[in-house]
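Which chain is which? They are A, B, C and D, in the order written, and residues in each are numbered from 1.
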Amino acid sequence: MKVTVELLGGLHQIFTFGAKIVDVNVLEEAELGALVETLCLSLSSSFSNCSPSLADPVYRTSLARFVDCEHLQLTGEYKIIPGIMVLINDVDWELFDEEETVLHPNDVITFTSTLHGG
Amino acid sequence: MKVTVELLGGLHQIFTFGAKIVDVNVLEEAELGALVETLCLSLSSSFSNCSPSLADPVYRTSLARFVDCEHLQLTGEYKIIPGIMVLINDVDWELFDEEETVLHPNDVITFTSTLHGG
Amino acid sequence: RSSTANQLSLEEFRRYGRQMLVPEFGGVDSQIALKNSKVLVVGAGGLGCPALLYLTASGVGTIGIIDYDTVDITNLHRQVLHSTDQVGNFKVDSAKSYLSSLNPNVNLITYREFLTNFNAFEVIEKYDLILDCTDTPMLRYLINDASVLLGKTIVSGSGLKTEGQLSVLNFKNSGPCYRCFYPKPPPANSVTSCQDGGVIGPCIGLVGTMMAVEAIKVLANSYTLENFKPFLTIYSGYSAVSQSLRTFKMRGKKLNCEVCGENPLISKDTIQSGLLDYNLFCGHPDYDVV
Amino acid sequence: RSSTANQLSLEEFRRYGRQMLVPEFGGVDSQIALKNSKVLVVGAGGLGCPALLYLTASGVGTIGIIDYDTVDITNLHRQVLHSTDQVGNFKVDSAKSYLSSLNPNVNLITYREFLTNFNAFEVIEKYDLILDCTDTPMLRYLINDASVLLGKTIVSGSGLKTEGQLSVLNFKNSGPCYRCFYPKPPPANSVTSCQDGGVIGPCIGLVGTMMAVEAIKVLANSYTLENFKPFLTIYSGYSAVSQSLRTFKMRGKKLNCEVCGENPLISKDTIQSGLLDYNLFCGHPDYDVV
């Protein structure tokens, strides 16, 4: 099924597709965590045709702006870093089940990194 | 069927319900012109239980901020005055068929009077 | 003015460095485009004040300001470019005194005049982009007609109470104009001014600030004939939660538009001769200009 | 200062008349509420400049400004309250010199200091509402913690490049705080400043202007415990068409929040003793303050 991903606060720059809004295909009843993994795999494809290693500093620096690379290396889980807000249809994911929120067709998932400039 | 009406630019003040967003029931396949009439009839109910006359200056002053009262008196048609923009699901009604646009369930119809202050 | 038109001085590089860094802005080329631009701001009131502050700070090379009003104490809650000691002075003089110290690189030209049928062409033709920061339909039609006939893009803003509206009109002579949006003027009794209806200072300020953003996009060529889409953006300062902007997709140029259409009725002659009487057209035969 | 705290002078009636007319504002009562309010603006930069201009103009009775920075030429494209002749002067002094002439009715108090663990409580406790116009996570956590412990509402803004964010935090001690939104600081290398990332002047200016609108809503009691809903509003100056605001519905207060939760770990003591090291917490042990 199709969901729409929005990347705000500069996050779009780290992904291959480079767009702020993009449609992504996920499995029926996929959880939000699976979408995060799909996005990260799309990121890796911008570095090489094969899956790049977390030891590659360029890849790791990019990925580290979205998920916790240490946690990924230890557990294989893609965990959003602190400072990124995740919203499902304009509502904070904390009001649902965060990574475990079950997605529905045409959901809009917004990721935005927190800005600090003033 | 239900459509949603938004009244911006101060227009909400002239209607009975006084809200900026309101759900309105119209017939299936109603045209936008019929919605305008429904809104105007709701306005008249704020003046009395029976239908007030266009000769009533208070009623006419209020109504004149939304429809052309002279045209109404002559033809019985409710015609939006110049300076009010009408939008259907965020798109200018000129890109559809203006008053003759056929409405669909859950359409959002926005009326906004043009502001001139600076 | 230590550098030529096609390059930036070291001072300019430092002053504008933080905006040249922004990818969407377009770097040195865009900064030089700004430097070579001439912008006319019509009205130094609630919209004009923040627009002038940010356009002057951003390094637009030449900025014209036209307004015949003097600073009144009732302006001060929102017209933040005019300080209390300027009450009674002309707004254009008050504006220039602060703006020239804000950025001495900018060539500031002031017109202590009403914009009228008779001077509109002479003034507007000197500029590349016009900001309509006025407050009556009459002036909005006049600015539109003269700008269309001279081929100028207009950034148009307005506001009242807690709301505002924003549009880019006659974009490169290909987008719709004010008359395409509003072929007929509103009934005179449906028009409310900030004097009568009131306005929250930072709400009108926000619209003026948005006008500066749009002006920078036009001048730095972020908008092109290919990507520009006609729009009307509506701001609400007191929406149900927080503040909101809504952007509506609008009609293109109307073929039957009286000024930008295929068979225009309005020309430089009809305006300059006074044949087209904007007071009468807008139903205010006794209305004071501005 | 010709009138007492519970009424307005004739001068004040004239100066603020246009905003008192706006139904959403709330008339004379709201103007008197503004007059009796004390607002602290932390940071007189890209956000602080427009926020200070509009809050001063609107008639907030007492405005504190804390900043240890001096005006630099690289600030001038966006920090429109500081003119070129102020380069090298402290921002608080530059700000005060213009603001005091903008509205002599306002009591302006300046702090030529960093906000630190040691002075935060002493400064913040004197005010009713805090505007966070700073530019590092470290200061945002410090302002939040001290404000929460002192029961102050915070209007929080930020921006970078063409985007911005806005929120009202710890609303009347019942809404969520900065730590409820961000229990853990972002990785230090994911934080970009306006110096490094650049910023469009009127884009950050728009966020500061929105902060002034939110401040007026808090001070004039447009927001109440009944109608306030936690939100995060995101501004984009260069969206596909025009500019955009998106408002997201956010979590409420978190029961396990380290400062506003049921069993807080953070207290005035842990802050003032220096036990809570914000530099270390945010991963910038060598970071300059502000």
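Following the convention adopted for this analysis, a contact is a pair of C-beta atoms (placed from the backbone, for glycine too) under 8 Å apart; a residue touches a chain by one contact, two chains touch by 3 or more.
These are the chains along with the protein names UniProt gives them: A, B = Ubiquitin-related modifier 1.
Note that the structure is predicted; figures quoted are calculated from it, not measured.
Applying the stated touch criterion, the connected components after chain D is left out read A | B, C. Centroids built from CA atoms put chain D at 29 Å from chain C.
Chain B (Ubiquitin-related modifier 1) and chain C have Cα centroids separated by 31 Å. A separation of 41 Å divides the Cα centre of chain B (Ubiquitin-related modifier 1) from that of chain D.
Under the contact definition stated at the top, the residues of chain C that touch 2 or more other chains are 161, 194, 197, 199, 247, 249.
Under the touch rule stated earlier, the contacting chain pairs are A-D, B-C, C-D.
Chain A (Ubiquitin-related modifier 1) contributes residues 8-10, 61, 64-65, 81-85, 87, 90-92, 94-95, 110, 112-118 to its touches with chain D in the complex.
Those residues of chain C that touch chain B (Ubiquitin-related modifier 1) in the complex are listed here as 43, 45-48, 133-137, 140, 157-161, 163-165, 181-187, 189-194, 197, 199, 204, 232, 234, 236, 246-251. If you check the complex, the residues on chain D that touch chain C are 11, 14-25, 50, 53-54, 57-59, 73-74, 76-78, 80, 83-85, 98, 101-104, 161-162, 166, 194-203, 205-206, 209-210, 212-214, 216-217, 222, 229, 231, 233, 237-239, 241-245, 247, 249.
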